[in-house]
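Below, each structure is written out as structure tokens.
Both complexes below contain subunit A, partnered by subunit B and then by subunit C.
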Partner chain A sequence: MRSHRWFTPWLLVAPAVVWVVVFALWPFLNTVGLSFTDARPLSPGAFVGLDNYRRMADDDLFGYALTTSLVYVVVCVPLLTVLPLLLALLVEKTLPGITFFRTTFYFPVIASVVVVALIWTWLFDSRGVVNQALEWLGVIDSPFPFLVDRWGLLFVAILLTVWKGLGYYMVVYLAALGNVGRELHEAAMLDGAGAVRRFRSVTIPGVRTAMLLISVLVAVAAMRVFTELEVLSNGTGGPGGQSLSLVMLIRQVGQGLNGDIGYASTLSVALFLLTLVPLGAIAFMNRERKTSGAAA
Partner chain B sequence: MKHSTRITTAATGLLAAAALAGCTGTAGGAGATGQEDIDTTGELSGTVSFQTWSLKNETFTPYFEDLIDRFESEHPDVTVEWLDQPGDGYQDKILSQANSGTLPDVLNLPPDIAYPLVTAGKLIDLDAADPTLAETYVPGAWEAYTYPGVEGVFGLPWYLGTDLGWWNGSALEKYGFSTDDLPTTDEDFLALAVEMGKASDGRMPLLSAMPTIDQFASNDIEILDDQGEFVFNTPEAAAIVDDYAEAYAAGALPPEALTGDYGGNADMFKQGKVAYTTAGSGFAGDLASDAPTIRESVVPEARIGAAPLFVQGINVSNDSDNKAAALAFAEFVTNTENQVEFVQLALGFMPGTVDGSADAEALSASVDDPLQKQAMEIVSEAMTDARILTPFQWTDAMKTFMDQQLALAIKGDLSGQEALDKAVEYANANRIEQ
Partner chain C sequence: MTTTDLAPSTQSPATPPGRRPQQAGRRRHREPLYRRKGSGDFTKPSLPGLVTRYGLLAFVTVIVVGPLVWQLSTSFKGPLDDIYSFPPAIVPTDPTAENYVRVTDFIPVYRYAWHSLLVSVATVLSNVVLSVFAGYALGAMRFRGKIVVMGVLLSTMLLPGEVTVTSNFLTIRNLGLADSLVGVYLPGAIGAMNVLLIATACRMIPHEVLDAAIVDGATTWQRIRHIVWPNVKGMASVVAIFAFIGAWDDFLWPLIVLNDPSKYTLTVGMAYLNGNFQADPRLIAAGTMIALVPIVVLFSSLQRFFFRGVAEGAVKG
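Up next, the complex of A and B:
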């Protein structure tokens, strides 16, 4: 048997290493580097130390964007972790015509988010169907400006995200539920467990890995929310920019021939670090559960 | 092992350097000064790339194909490659071309988009390249391509535009107003908007957009001082914003206008949702195809306040390998004959040359439609006083920020003065020439 030369392993991993360095590691390091400069698109800029970070701390728009993204995470993670599970439990049963409902619930997933958001813009317009319906029902006397109100806009965007995400995560749960043995439910029933107790003690532990995965995916996506708010607010982030998300703010600051690349990079670094927070929290909670589960 | 570590380190370093070159923008030279004469009278040869902005369509494609054919027949050794970029994302396209050193030899840039390229030394000083050019073009448009702190002129005026006001006569009459005595000042216009908003219970607003920097300039509010500082946060400007807030409360401005999502004045006008819009004279043709019923009662009038001057120009890249042919083609595109032919297709625009704009009647001679003709005459008259209202220093980011603050003020969450103070503070902190 002939021995390989010393560089053979390096050659084998080289394409992957090059890919990671060029398309992941280097852009990240470059962004970190730029965050300490006053770079503009056609000017490499000069080193400005922590100026951009100080500016960020005093920036009202950053405060709004951070609030928007955090509210998005706090609301979307529980909703998109629990509601699809309940939906999956409803449609996993083998009833006549249930396939129709499974397919229907999945429809929003395949629709383009931009198109859906545009349609929702018309729905929630001051002269839109929602306002007309609310007026007809006597809930409001005059149209409520959903799309130019800070919390109204956020409410509509979150509703859109949840509506669009339900079907996708429902399918993930359906796959996970398929792995929960029927005999466990039967054994629990023999022990006298009711539906709620079986849900808590059999179903949830059975899909816990899927729940964790979904929580992580939703948290990251919510922190980086863009399209829904962008389309619903026509790219403005609403009056005062109060409904900007972090990604929208990065775009607002960095785009164009005169974009402030340095400050936009600072915001990108902040977004990266902030994305780690929900990830860490979810991982920590899961670790605690595992530990307590092992102790029990 | 040590050997492999060194190789790995070196390779990583090289990769990083390559990526650095590809990922970051670098200034392109030492600025635009020191430009030498470019001789376009000699034998020209080679290829010239020519980029337009959203002009490849059934109206203009035959014009440009013929234009290029004629230039190539005059200069048999020159080949012109025409490319057209879509309207959306044009700035981003220009940016990526400038960063990667692939700017076309000849391109179409308005003065504000040209400025960052000028400061990066990416465009040729055309005045220095050919000192005889200055007298050919309309002075106001020629000066639009001069910038404080940079010596030279960086674009040849191509076509110039302004707009006028269009009123929906039947909509006004429906709510008890007449087109016989239309307002001519912003103050009267806002007062009418409030009355109309109340009379129609918000169903037929006159307003469909928030105040703009143009509007402040049109009201003789100083936008920039001599040092280039933004200073438009005056009590007069604040009063305009407060008037808009009052109009909003009276239903004269729909809520969606606060996020600029009211479809644009002209579209809303064509849909019969607003009774007034500003648009170029070519809007008469749009109405004929899109809203013939509204067109029957439409009344074109001179725009309220000062007429804005919109300038489009032709520029030559400093990175061009074929500057002589590129400059010759730029001059050819913008000569009087070709500009007059162009604006006969682009109805409502005026040529950027002195000779071309002098014979305004010739431009509308072939037009039969009375409304179109009337609109062109209004535009032609307005062009004599039209001026650039938005300074090139006013960036998209500044506009976005000001719109955000004005939206708060018009909703009643801020005073007009507070909103403008914030906008000015932001603009001065982000001045592009600093």
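Up next, the complex of A and C:
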């Protein structure tokens, strides 16, 4: 049934569309365009061709940022795909007080990364609890300077990301586990399958889609990391900027009245292309699976 | 060993067969949480399994809450407390609330919290209202060009916000909103994701109900107010919670927009406090608690909606 004037729906969607165009689509196209110029905040700049891209290829800082992203993805994806699943299995059953545990496990997710990073700064300080514990255990003789060491910073930041992400992906897994029928588990039990066997043959296939989705989400989020490293390194990006992330580099290059908007845009385009890689990988894997399934 | 194993099985036949648990009034027969010997209910864990489960739950709780609780305790520690003691002391020996006042010697933390609150509340209001409008049109109305609109909204879901910050800052500056809270608020005023969530909820409204309202002569506004809103309230509360937390916790964008320390939001202000003063860790702890407590309270009171939203949003979106 049609009862509205032709423009009513357009009036209703107008704010959303205008916002998306002004604050997402246009800036994206603008970024791509600016990446071929030497624009500054107060001058539109001139077309410089691929200069910025050539500069990026030779930029040590970009190399560091790329390494950071790569390490982040490689470490975070397996950890945040597996650990939240185990956590979800732990809180899946309806037991007294289980809501309390679910809610509690979600607290890190809602906390601001800045807040958590400040707590972490304090934990991993040279006089902090972690160093004291390690010394007490006899692992180290003198405090390890986590926060002024390239890999130390990355380690602490990744730990923070994993700690903070557990609860979020746990909830996603809980939803997926709800779709795995109890009957399958019971049938497997009657057939004498142990807990490990049931995990492998019933649970994993049941949450396979969620696992793929989560690994992509984690990979994309890992490439966008900013706040953890920014706060933990106090904005420096570690010794010589070796622990910079791509987003930190984008901000450093583009900020201020004399910021290099052109080059910052080039780095932004690189970030965008990198976040497409996991999505492409999943699309590719799905196609592979379909074709191999058809052959079999 | 054998006696404990036998005890339950000798007990169960002892209960009179005729007396049903429901008839016993308030004294309901409680099912044990664990599987007893000989029980066919495979879905229940055995007693050792149950103990292990609670043990693991407690272990994870300590890992998750430990740092937050420790920070809370540090924020109440007085100058006589050794904050570097090991093992760390959770209960302050010289408790004081002084840190929550002294932190303002360095940064106007309560004004920053007020700024964060303003931005967050504005973000919640505009997101809820405008997403309901757009979601209704996209979910329950038919019109030419709908596919294009959906395409535009969906395409931005693949676009990380970090990619466009540089360019967005130019836009905000050209609008004359650099270094202002309006500039912080503006780009987040409506999220494509929120519109799509509400549109999904609107698709669930039966067509007959909306058609009946049209026959009765209800205007678009009346339909939104009296039919759409009651139906999408649940999803709208999810949108509201997400929008609030997102705005309250945001760091990168306010950091780029705001220059003047008197205009900072809470997250930017906290990073500023940490980076620019050799501040006492007790003060930083107090500051982090000011940032953390409101959102924990908000979340705890609304967690029912929240879990549903995360599950629906992540799996479908």
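Quick notes on this one:
Basically, the second predicted complex is superposed on the first by the 257 of 296 C-alpha atoms of A that agree within 3 Å, B and C clash if a C-alpha of one lies under 4 Å from a C-alpha of the other, contacts with A are read in each partner's own complex, and residues count from 1 in each chain.
The rule is short, and it goes like this: a residue touches a chain if its C-beta (ideal position, glycine included) is under 8 Å from a C-beta of that chain, and two chains touch if they have at least 3 such contacts.
It should be emphasised that the depicted structure is a prediction, and the values quoted were computed from it without experimental measurement.
Once both complexes are superposed on subunit A, the partners subunit B and subunit C clash. With both structures placed on the common chain, the touch criterion links A:E186 to subunit C but leaves subunit B unconnected. When the two complexes are overlaid on their common chain A, residue A:P145 makes contact with subunit B while staying clear of subunit C. Look at A:I119: by the touch rule set out above, it reaches subunit C but stays clear of subunit B.
By the touch criterion stated above, A:N286 is placed in contact with neither subunit B nor subunit C.
By the touch criterion stated above, A:A16 is placed in contact with subunit C alone, subunit B being left untouched. Of the two partner chains placed by superposition, only subunit B is touched by A:G238; subunit C is not. When the shared chain is aligned, subunit B comes close enough to touch A:L257, but subunit C does not. In the superposition on chain A, contact of A:N30 is made with both subunit B and subunit C.
By the document's definition of touching, of the two partners only subunit C reaches A:L213; subunit B does not. Set against each other, subunit B and subunit C differ in how many residues of subunit A they touch, and the higher count belongs to C.
Overlaying the two complexes on chain A leaves one subunit C stretch of 74-82, 146-154, 254-262 or 290-298 clashing with subunit B, which is 254-262.
Of the residues of subunit A, those at positions 6, 10, 21-22, 26-27, 30, 34, 41, 121, 127, 234-235, 255, 261 touch subunit B in one of the two structures and subunit C in the other. Listing the residues of subunit B that touch subunit A in their complex gives 4, 7-8, 12, 15-16, 19-20, 23-28, 91-92, 94-95, 98-99, 113, 115-117, 119-120, 122, 254-256, 258-261, 395-397, 400-401, 403-405, 407-408, 411, 413-414, 430, 432. Subunit C contributes residues 33, 42-43, 45, 50, 53-54, 56-57, 60-61, 63-65, 67-68, 70-71, 74, 84, 86, 88, 130-131, 133-134, 136-138, 141-146, 149, 152-153, 155-156, 158-160, 162-171, 173, 186-187, 189-190, 192, 195, 207, 210-211, 214, 220, 245, 248-249, 251-252, 255-256, 266-267, 270-271, 274-275, 281, 284-285, 287-288, 291-292, 295-296, 299-300, 303, 306-307, 310-312, 314-315 to its touches with subunit A in the complex. On the side of subunit A, the complex with subunit B involves touching residues 6-7, 10, 18, 21-22, 26-27, 29-30, 34, 39-44, 121, 125-127, 143, 145, 147-148, 233-241, 252-253, 255-261.
The part of subunit A that touches subunit C in the complex is made up of residues 1-4, 6, 8-10, 12-13, 15-17, 19-28, 30-31, 34, 41, 87, 90-91, 93, 95-96, 99, 101-108, 110-116, 118-123, 127, 129, 132-133, 136, 163, 166-168, 171-172, 174-176, 182, 185-186, 189-190, 210, 213, 217, 220, 224, 226-227, 230-231, 234-235, 247, 250-251, 254-255, 261, 264-265, 268-269, 271-272, 275-276, 279.
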